[in-house]
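One chain, chain A, appears in both complexes that follow, with chain B as partner in the first and chain C in the second.
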Partner chain A sequence: MKRSVNEIIEKLMAVAANPGQAVKEACAKSGKQAVGIVAPYGPEEIAYAAGCLPVGLWGGQVELKRVRAYLPAFACSIMQSVVELAAAGTYDELSAVVIPAPCDTLKCIGQKWKGKCPAIHFTHPMNRKLDCANDYLTFEYQTIRTKLEAILGRKITDEALADAVLFYNHYRAVMREFTLVARDHLATISPTVRHSILKASYFMDKAEYTKDIEDLIYALRRAGPENWNGKRVVLTGITFEPRELLEILEFYHVAVTGDDIAQESRQFRTDAPYHKSPLQSLAAQWQNQQGCSLAFDPFKSRVHDLVDLVRATQADGLVVGLMKFCDPEEYDVPILMEAFEKAGIPLLCIEVDQQTTAFEQIKTRLQGFVEAL
Partner chain B sequence: MSEINFDEMTSKQMLEYLVAKNMEDARQAKAKGGLVCWSSSIAPCEFCEAMGIYTVYPENHVVGIAARGGAPELLAHAERKGYSNDICGYARVNLAYMDVQKCISEEMPLPDLVLLCNNICETLLKWYENIAHTLNIPLLIVDVPYNHESEVTEENVAYVEAQFKRIIEQLEDITNRPFDYDKFEEVMKIASQNAKDWYDATALCSAVPSPLSGFDMFNYMALIVCMRGKAECGITFRKLKAELEEKAANKICGLKGAEEQHRIMWDGIACWPYLSHTYKVLKNHGVNMVGSTYPSAWALMYTPGDLNGMARAYTSMGNNLSLKGQIDLRESIIRDTKCGGVIMHMNRSCKMCDFLQHEIGEAVTSDMRVPITTFDGDQADPRNYSKAQYETRIEALVEMMNERKREGGGQ
Partner chain C sequence: MLTLGIDIGSASSKAVIMGDGKELVATAVVQAGTGTSGPKRVTAEIFERSGVLPEQISATIATGYGRYGVDMADGQISEITCHAKGVHFLFPAARTILDIGGQDAKAISINENGRVLSFFMNEKCAAGTGRFLEVMARILEIPLSEMGDWDRKSEHPAVVSSTCTVFAESEVISQLSNGARREDVIRGVHNSVISRAMALLYRTHMEPAFVFTGGVAQNSGVVDSLRRELRQEVLVSPQAQLTGAIGAALLAQEKADQKGV
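Moving on, here comes the complex of A and B:
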């Protein structure tokens, strides 16, 4: 019997609210070992092909104590909390962590990993459109594969990798479909619900998660489209947490019709294309990634893509959740502001800090923005 | 140019003349329809130089503005445009300058193309993205992947080398001329020799007392940044070397009017808005800054004609090394220049300079038992520096170094 919309949403929201417990349960259920993938991008497929549970490490709301000795206050809050959690032993049960280096902060965090589990580093090439970028990243991914094999004590076969790439492409297609269907259900798929559903993907076996999303899409379609009389916005940024930020949107009756959030749609909007080998496919996926502040792009396709997304989803405006102390995002803001002014689309930029506890100022700014829409 | 006789000039006079001339040449070229490139400071200058493209350096330009106290109005302009004040001060000042084209220092012509190499930091990627996008001009990039392990991999070098071919194609397209391989080979020889001359001259800081203060070295740096592809650069550094050798032979210290009582390594970029203050406080304590990562940063030596070697040189420089590489580099500087203490600049503008400081400091303290102090500052934004904090920190460092001397350790 098909599950109801509410049943599935409740399950996924519980996962997103209790990541540690969810990962433990997923490992116990499947007998898999967990491998951490530090935000924003890592080749989850390699860990999946190794028979592991890839877990996304995106920080969280945690009191910053230990990290104060290791990092000055002007590191982004997401990496502050990742270091804090690592130093506190939260990630010690992981078999390994994979750490990318797309910005100066992550380059350093990778070098000073404070967790007990082994860290595997890699670097994304930034001159992405050249063939040599594929060669280089394939080598980096091969190194991750070899190191993971040594840690786990088992081979990761080409066949398992190819299967993982195919499966992840399916998962990504399902996720894109979900974000489309969600636009017709803005009352049910509220900003907090939408975010929790997407976030749950980091703490569950992807096969089970994908099935949940497929069932959710089915149940939403069966229920039929909903009317929405409130305002509609697109979100952009690295993350849009803490949850209170989304609750403010809900308070003012604002729905999210689309996103360009690194933790959300940027994860699944680009497939791994057919290539000579599975690792080359994964490398080509990075080459094809578009519109992300962390993927070098002198043409700033993010700007046009966001204007298009706002228009295509009939949103009233764009809300930039600017991760505090995140250089790659901060450089894009003036360009976005200028482009959106030219396009006549309202834009609000609010600062995102995972450790924020006072939201009154943001609430006032969002209220003003919504009233002006 | 024909009226200038370098033989009659000191290296300092040559430095001032050549840096000013480089900018003037670029301005004149721009006025006559020539091509001007804005380049990051440790990008391969060899390509544009071979094609007769005038290259100027935003980082160096901002240094001139910041050191003359002209940064605040440009910083304010950048912030009005929406740039967060968390962003690198060099970038903010330069992006504002691109907009207003007016400053307290030399005026720099707008670029027809930009060239970046991210071997010093990733912030350059975004900064130069913004320039290229705003001015709608071609962007040339040499992406050097971060060396996260202690070895520089062959794959990293091969990736960098392959990008050189793309740059040559882009330059042929931009100039509508075939790439000048003969000139390129000649420039490679010059650049490699200049790198050696720079290193040889600044390495004389190891003499006791050091004939060169690191603060003077900061000034000479303008030449290795801006003119590494030109022969006059090497002439200047050879002259500087001869001057320093003479001073060393006569035991003349680089601190003007003070004796060298302590030798320290400066870790990080200069605090340009307060260059004079940072220098004088040290001088008043008889502290000579003799160690820094700058001499090795431009020691980009390779065999001319060897593109693979050239790629290796650009991807192996200091900032692009793993934590272990960065610790090893600093420990060898401290040893070679006989430093008894370290000053770490917690530079609000540069995450790459700052975020490994804790681990580097721990390692250096444990391996070499050298006292370390840090201070808060900024390479361009004067708001992030406190004279009182700097003075107190240096006093404490000097006390620690005195204590260590009394115990018979250090230097």
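Moving on, here comes the complex of A and C:
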């Protein structure tokens, strides 16, 4: 029997609100071990092919205590939370963590992981468009595969990897369809609901999650499009949390018509193309990734892509969630501001800090922005 | 028709009654902001001072950090929109506004109708705000209201960091203990506030006329520092601190007109 929209939304929102519990339940249900993938990008497919549950580690609203001993106060907010949680033992039940190094902070965290589970470090190549970048990243992924095999005590076969790559391409296609359908259901898929649905993907078995999203798409399509008379914005940045930020959007009757958030759409907008080996496919996916401040792009296609996204989704403006102390994102902001002014599209930049507890200034900014739209 | 604008800031509460969206009927300022007795006191004071009865008010708009705590308000509008509206009323030629209040600094570009084109606010930091000046006044043992007079006496301005209030505080203490003259340190403090504000202003269109609003605009030393930095005239209203409340009262008039009150 097909489930209702509310039923599916409630399930996914509960997962997003209680990640630790959700991961425990998913592991108990499937008998899988959990492998952490530190934000923002990692080859989840390798962990999936190993029969594990890949879990996204994107920090959270945690009070910072232990991290002060390891990171300077000006390290980005996500990594402050990740190290705090690692040092507090939150990730100790994971079988391993995979840590990328797309920025200086992550490079350093990879070198001094504070959790008890083993850490596997890797580096994405910067000059991604060169052929040798594929060879390099394929080798890095092979290293992850080998280390994970040693930790788990089992082989990760080529067949399992190929299956995982194909399955993840399917998952990504489903997610892209969801964001399209959500655009016509802005009352039901409010900013907090949209974010929670996308966030739940990090704490569930991908097969079960993908089925939930397919059922949700089906139910939404059957229900038909909704009217929306509020304002519409596109979000960009690394994450758009804490949840209170999204609640402020809702308070001012603002819907999210699309996103360019690393934690959200950037995860599923680029497929892994065909290559002779599955790891080469995965490497090519990173090479094809576009429009992210952490993925070197001399042409800054992110700027034009965002202008196009705002126009295509008929949004009234762009809200940049600037991750506090994230250098790569900060460098993009002046470029975005200039381009959006030229394009005549309103842009608001707000600071995203997972440790924020007072939101009044952000509320004022968002209200001022909405009033000016 | 009478309308009421109430601006509950972080350091003070302001109220303005306007007649037909054209004249200031009464004003009140209480030096206590949101979370204190200030909002209640400023409302009581404006009715007492004007002799107007609450039932004579056609519409009330609240603005400022405490805008959602004003029970009698018919609506809440951000201080960004209210300042733009208020400044346009006081100075129709205004195109760029610098507003510095107790804990916020804002640079706002407006058009010929007083509509906000873009705005930029300080991050969560006291540097460059009214709170920064309060801290400095305390160390210098000078009433906040006299800082402008002291600034005029400065001949060799000191350099004070604009990065952090806490660092600036220890810097000022160190300068004073090394024998720096108070007026020179005060000029340095004022320049530091404007150095911080310029980082916001440079993001706007920087189109004249420039208007300085908010409580800090009452400090002539900071205003002079802004004039020197911009090399332009800077307009300051005697009602600088009331600009947000004036804008709120004007928007209340629009609301009342729409409702056909």
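By our rule, the second predicted complex is superposed on the first by the 373 of 373 C-alpha atoms of A that agree within 3 Å, B and C clash if a C-alpha of one lies under 4 Å from a C-alpha of the other, contacts with A are read in each partner's own complex, and residues count from 1 in each chain.
The definition used in the following text is that contacts are C-beta pairs under 8 Å (C-beta built on N, C-alpha and C of every residue); 3 or more make two chains touch, one makes a residue touch a chain.
Quick caveat, the model's predicted, so the values are computed rather than measured.
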Worksheet item: In the superposed arrangement, does A:Ala372 touch chain B (first), chain C (second), both or neither?
Response: second
Discussion item. Quick check on the superposed pair: does A:Glu10 touch chain B, chain C, both, or neither? Answer first, second, both or neither.
Written reply: neither
Practice prompt. Have a look at where A:Met337 lands relative to chain B and chain C in the superposition and call it first, second, both or neither.
Written response: both
Worksheet item: Which holds for A:Thr364: it touches chain B only (first), chain C only (second), both, or neither?
Response: second
Fill in: Dominant contact partner of chain A by residue count, chain C or chain B
B
Worksheet item: Which of the two partners, first being chain B and second being chain C, lies in contact with A:Glu177: first, second, both, or neither?
Response: neither
Worksheet item: Which residues form the common part of the chain A surface touched by chain B and by chain C?
Response: 337
Fill in: Partner chain A, residues of chain B touching it in the complex
81-84, 86-88, 91, 118, 121-123, 125-130, 132-134, 139, 141-143, 145-146, 148-149, 153, 155-156, 158-159, 162-163, 166, 322-323, 346, 348, 351-352, 354-356, 358-359
Discussion item. Touching residues of chain A toward chain C in the complex: what are they?
Written reply: 337, 341, 346, 351, 358, 360-361, 364-365, 367-368, 371-372
Item to complete: Please give the residue numbers of chain A that touch chain B in the complex, ascending.
Response: 69-72, 74-75, 101-105, 107-112, 121-127, 130-133, 135-136, 139-140, 293, 296-300, 322, 324-325, 327-328, 330-335, 337-338, 349
Worksheet item: So in the complex, which bits of chain C are touching chain A?
Response: 65, 76-81, 104, 115-119, 121, 123-124, 203
